[in-house]
C-alpha cells in the first residue's frame, strides 16, 4: 500500500473522531451561549462530553425488540458514512475522504437513511410518544427535503456537477462562493437547514413538552449515548457539507471551524429566541417560502 | 378514510404537564378526539385534615392548596373566619394584604409566562421569568420570612409589620419588572410565532363561557368583564385605580394578552398601595390560639387569584376546630370539565399549551 | 461488551465513570409534590443548576435522578414506583423536605405515604418544607459527593431487597397491576 | 402584534442579553443573605425555656416532642423538659415561636441540612445548634406573640368607696370576663407544681374556657373543699410561676377559681353540683382540733370516705384564721357560712365553743377517736418588743382583727400606726381605715421587700393608707394616763447583708422622728399555743421553732396524732393548711386501715 | 342599610313568592341564603338560572352533620348582572343520601358530583359517571365523612419513623413530680385542644 492509502485510512479514523470532538464541543458552546442569553452562566463547555461518557457508562436493560437496538446503530452508521463522503478540507488527501462524482445525490439518501433507522428503532418501542415523534420527524423531513433538494438541483444544474469536490473547486475566492453565485438556492437551503438541525421553531420531533422528547423517549443509557454521538457527528457533517457547498469549503482546520461555527449559529440563535411550530405549520412553512426560493433558483439557472 | 384511534396518556410523568396530573387523550393522527382528565395524584385530604386542626393550625395547611400562588388561600381563609366572627381588620393590614396578593399575582404571572412559553418550546422565556420571579420571592422572604409559603395573612390582619425600607425595595423590583416587561414583549408577546401558535387555539365559546364556569383571565379573554376585585371588592380594592382588561376571541392569545395587561395593572396597584400605605396597627389580635373559638355560622368568600375566582366556604360549629372548610379553586372547573371540552378537536401539540393558558393547577383541584 | 480489565485500568475507568456520573445528573421532570415549585427556580437563571451539569430529562429512561418533591399520595406512589423501575442503573433518588422523611405536615392524612424509604431507596434527603433552591443545590452537591465515594447504591439495594420493598408497596397499593421488575 | 416581519424579527432582540452579566447567584461559592426574619431551623434558648410544651401543643404536625435533657433538672416553674423538633414533620410555619410564652424558641437563618441518613432529622434546638443564638431571625416578642399577656382587669370598688364599709372590695369576674381570662391559659400545668394542694388548675381553667363551669367546680372540690375561700384570699403561689408571667401578667388563677366556685350560689347548689360520693360509715372515728382550713379539709375528705369526723372548735364560729383573721371585705361571712354548711351537710360534726385542754383533754379525744388531727393555727401574737408595749392603745393585729370580725368594738381613735409589712399588717391597716382612722404603716425594709401581696399593698394605698418604709420603731410614747399617744421611729438605710442574704436595714443615727397616734397595731407575727398538749405527749413529738415536726403524711411522733396548718408548715397561708389537711386525710386513712388489718 | 340591600330584598321576595316553604335570609350584602326542602332544589336552581339569571355556578359544598345524621349540600350560584350570590342549602338523610343529578344545568356539576359521591357517599341518581375521581381503589367508608378517623387509618396503614418514643407529656411529668392525682373527670380537660 502506498502512502496515500495509509493516509486515507488515517483519514477514516481521524475524521469521525474530529467530527465527534468538534460536534460535541459545539454542543457545549451552544449550551453556554444559550445560557448567556438566558441570563445565566450555563454548564462548562466540556459538559456534553461528560454527558455522553455517563450515558455510555449506564447500564441498559430495556428490551423492545431487535430494531430498537439497531436504530441507534443505523443512525451512527449513517452519520459516519455520510461524513466519509464529505470532503472536510479542500485539496487535502487526509481529509478529502471519499468524494466522488455524484456524492451529493448519495448524501441526500444517506442523510435520510439515519433518520429512517431511528424511525424504525423508535417505532418498535411501542411508546406512542415515540411513534408520534417519528411521524413528526418524517413529516418534517418531507417538508424540508423539498426546498433542500430544489436548492441542490439548482446548483447541480448551474455548475453541471454532482461532486462536492468540484463544487468546492469552483468557489475559488471570496466572491465566487455559491452564497453569492446562487443566493436563492442558498436561501432555500439555509431555511431547510434550520429544519434539518432540529432547532426551534422546527424541533417538533423532540418537543419534550408535547411528546416527551419523541423518538428518544424510550432510549436511555448507551442507546442515547449512541444517538448523541451520531447526532454530534451528523451535525458536524451537515455543517461541513453546507460550508463546502455554499461557503467555499475550507483549506485548513481553523477556517473550517470558523465557517462551520458561524453557520451553526444561524439555527442556534433562531432556536434560542423562538417557540416551535406545530408540525403542520412547519411543513406549510417549508412548502411556502423556501420552496418558492428553490424554484426561483432553478428557474434562474434554467432560463 | 378513518384513521386509527390511539390512546395517549399525557402524564402524570410528563414534561408538559402542569403539576402532577394526567390527561388521557384519544387521538387520530394529531387531532384529539376526546380528552379525559385524571386527577388525584396530589390529593392530601386537606379538608379532612383541617377538620382535625384548630382554626389557626389550618393556616400552614391552606397555603399548600395552591402551590404556585398560596396567598389567595390565606386571604380567603382569613376573610371567611373574619366574616363568621365579625372581626375587624385594621386599614394598614388591608393595604398590606393587597400588596401581598398583588405581588403574588405578579409572581404567578411570571411563572405562567414561563410555563406558557416552555410548553411551546421557547425555553429562554422561563429562564428569564422564573429567574425574575425570584426577586419577588426575595421580597416575600423579607416580608414574611418564607419564600414560597408565607403563612403571613391571618385572621385579624397580617403576621408582621412591613420591615424597614420595604416600600423602596418593592418599588425597585417594580421598576425592574417594568423594564423587563419590554424584553418579555420582544421575546414572547410580539413574537410572530407565538401569535401563530396561539391564535385560534383552545377557543372558549363566549356564549357558553359563563355557564361552563369559566372565571378569571379565560373569561375576560372571551370579552366578558368580570373580576372579583370589582364585582365584590374586598380589602381596599375599591380605593385603588386599575382597569380590568378584556379581549375578544376566547383563545390562548386573548388570554395571554389579558394576562399581560393585568401584569401591568398589578405593578400599578402595587405602586399605589406603597404610596397610600396608612399607618397604624397591622393586626387585630385573635385570642389565645389554644382556646380560640369561632362562633357558629358559615360564610362564602372569594378572591381574585391570578387564575380566577378563588372561593372558600367555611362552616363553624362554635368549637375550636372548623366543621368544614371547602376550597374551590378556579382550576377545579378549568382543569377538569373545561379542559376536557376545549381539548376536543385540538392538536395534540397544543395540550400542554392550552393547559398552561387555563392556569390548570392540580393541587387545588384535589386539595 | 465484556473486556477483562486489569485492576489498574479498571480503577481508572471507574474513576472516569464516576466523574462523568457526578457531573452529569439528569433530573426526571416529574413534580410529584409541592416541592416541585422550587425546582424551576433551581434550574433557571437565578440559581442555574446547569452549572453542575444538572438538567432535566423528559423520560425515565434518560434520567439519572428522581426527585421526590415532597409528599406522595398513594396514587402517585404507584406511578413513582413504575417510573423508578423504568429508570436505568445507576439511578439516584433525592427526597425533598419533611414529607419524605416522616410524613411532614400530612402525617395524619389517609392518602399520603409517610416514610419514602420504605417504598423506594433514597440516597439524599434535603431538609425543608419546601427546601429553597440553595438547599436543593446543596442536596445535589451531597449527591455528587456520595457518587464520587461510590456509595450511591440505591438501585442495588432495591434489587436485593425487592421482596421487602414489594411487600411495603403492595400493603397500600391494592390494585397491583404493574409489570415485574426484571433487571 | 401579528404574524408579520416585525414579529419575526422582534424576538431576536432578546439576543442582546448575551452581553449582560448573568444574575445567577453562584451558590455555593456565593451565598445570598437570608432575610432578617427568615424562618429557618429552630433555636431554643435552654436557659429561658421552661418546658411548658406549648410549642408541642400548637404544632399541627406533631413535630415537637418534649424530652428530658441531661443537665437540665426540673425545678419550680420549669418542668425540665425541652422541645425536640422532628424535621421530618416540621413545616417552618413558626406557630411554635408565636405561642412560646417565654420567647425562648425562635427560628434562625440557617436552613441547609442535607444528609443520607433519614433518622438524623430529630433535632433538639439549642442543644444541637448552640451557634443558632447568633443567627436568630424569626422571633416573637411580646408584641407579636399570639398569647394574651394582659390580664382581664378585675373590677373593684373605688378606694374612696371601699373605706366606707366592709363590703367586699373585689367584685368578681362576669361570665364573659371569666371566659376571656380563662382563654389566656395555655394549659401547661406548671402552676400546679407550686400549689401546695396541687389543685388541677389547667383542668378547671380549661373547663371554664369551655363554658363548663360545673365541671370546673367539681374539679376544684376534688382536692380543695375551701375553693371559694382560696378563690378570694389565696396567696396564689401558682401565679408566681405561671408560664405567661414570664413576659406578662399571669393568668388570674385565683379569680377564676373564685368565679367558678361562686357559680354555686349556696350550699345546696354546691352539693348538687359536686355531688360527692360519700362512702357508707366504716365505723372509724377521727377527732379534729380546730375548725381552721386544715381541720376542715381533713374533716371533709375523711367524712367522704366514711369516717365519723368530729371537730372541736374553741370559738363560736368555724373557719379559724379565715373566719377571724381575714377581714370581711376580703372574705365575707356569707361565703364562709356557705362552705361550712356544705361541709356539715355531708356529715362533718363541729363542736363549737369547745376548747381542747379546757373543756376536753387530748387524752380524752384519743380515747374517743382512733386518730386525732391538730390544726389549731397560730393564735398567739409575737410581742413587738418596744417599751410601753403593754400600754393602752397598743393592740395586737390578730386580736384586733378577731375582735372586729366578731363584731366587737375596738377603740382605736383616729390616728393609727401599724407596725409590720405582712398581709396581717395590711389587713389591720385597711380595717382601721374602714373604722375611720388615718393609718400609717411603718415597715423596716423597702416596699418591694414587703411580704404582703402587691395587690393588697396597692389596695391599701388606694384607700389612703400611708406606707412608711425603712422606718424602724424605737419606742411607744405614752401620756400621763398610760395611753399611747405617739411612736418614735428612726429612718433606716439598706445595707447589703454580709452573709449574702437580702439587704438589711440599718438605722441612720440621729434621723429619728415621732408620729402622734391614738393606737399602735403590732403585726409582726404569731405563734402557736401548745399548752393543751400534755408533757407526756410533748416529749414524744418534736417541736422545732414553734412548729410540730411531721412526716409526709402529717403524722407526728405520736402515731395517732396528726398535725397540719400553721403549726406544721412555715408558709402560714390557707392553701398550705388545706394541703396539710388533704395529706393528713390520706395519712389518717392509711393509719387506721392498717391498724385494723 | 335597607336601601343598599334593595336588590337582595327583591330576590328574596321573588324566591319567597315562588317557593313558599323556603327559608330565605340575607346574611350580608350580595348574599341571599335559602334553606330548601330536598325535592325543591331541582326546580329552585332551574328557576334561579332560567328566570332570575343566575348563570354562574360558584361552588357546591358538602357538610357532614354527623350529630344530626344529615348531610348538607350547599349550592352557591351567582348572577353576574346584579352580582348577588344565592346560597341554597338542602339536607339529606345521612344513612341513604340520594338526590337526582343536576348536571343538565351546568356541565361542570358532573365534577362536583363525582367528588361528593366519592368523598361523602352521596348518590346522584342519573349521573352515570360516578367513578373514581380523586381516589384510586378506595375501600371503606367515604373519607370525608366525619366518622372516618384519618389519624387511626394513617397509623394503621403507613409507617412512622422510630426514635420519638422518649417524648414526655408535660402534664404527666408535672404530676409525677408533684404527686398530683388528676381525677377521671378532669382528665378530659388535661388534653389541650379538645374535641
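Chains here go by letter, A, B, C, D and E, matching the order in which they are written, and residues are numbered from 1 within each.
The rule is short, and it goes like this: a residue touches a chain if its C-beta (ideal position, glycine included) is under 8 Å from a C-beta of that chain, and two chains touch if they have at least 3 such contacts.
All values reported here derive from a predicted model rather than from experimental measurement.
Chains making contact with subunit C as well as with subunit D: A, B, E.
Touching subunit A and subunit C together: B, D. Centrality annotation: B (chain centre taken as mean Cα position, compared with the mean over all protein Cα atoms). Averaging Cα atoms per chain gives one point for each, and the point farthest from that of subunit C is the centre of D. When chain centres are defined as mean Cα coordinates, D lies farthest from subunit B. Taking the mean of the C-alpha atoms as each chain's centre, subunit A and subunit D sit 89 Å apart.
Inter-chain spacing, taken between the CA centroids of subunit C and subunit E, is 39 Å. One finds 53 Å separating the Cα centroids of subunit B and subunit D.
Inter-chain centre distance (subunit A to subunit E, centres taken as mean C-alpha positions): 62 Å.
Touching two or more other chains at once are residues 14-15, 40, 43, 45, 48-49, 52, 54, 60-61, 124, 127-128, 131, 149, 187, 191, 193, 196, 290 of subunit B.
Of all residues in subunit C, those touching 2 or more other chains are 29, 44-48, 51, 56, 58-60, 75, 101-103, 105, 107-112, 115, 129, 132, listed in ascending order. Under the contact definition stated at the top, the residues of subunit A that touch 2 or more other chains are 35, 37-41, 129, 208, 212-213, 272-274. Per the contact rule defined earlier, chains pair up in contact as A-B, A-C, A-D, B-C, B-D, B-E, C-D, C-E, D-E.
Touching subunit B in their complex are the following residues of subunit D: 1-4, 6-8, 10-11, 13-14, 17, 23, 34-39, 54, 57-58, 60-61, 91-95, 98-99, 107, 137-138, 144, 146-148, 180, 182-187, 206, 209. Per the touch definition, subunit A reaches subunit D in the complex via residues 33, 35-41, 269, 272-274. By the touch criterion stated above, subunit B contacts subunit E in their complex at residues 39-40, 43, 45, 47-49, 51-52, 54, 83, 210-213, 224, 226, 231-232, 290, 298-300, 302, 309, 311, 313, 315, 319-321, 323-324, 326, 328, 332-333, 336-338, 341, 366. By the touch rule above, subunit C contacts subunit E in their complex via residues 74-75, 78, 101-103, 107-115, 118, 168, 171-175.
Interface of subunit A with subunit C (complex): residues 31, 35, 38-44, 47, 49-51, 53-55, 57-62, 129, 208, 212-213, 216-221, 224.
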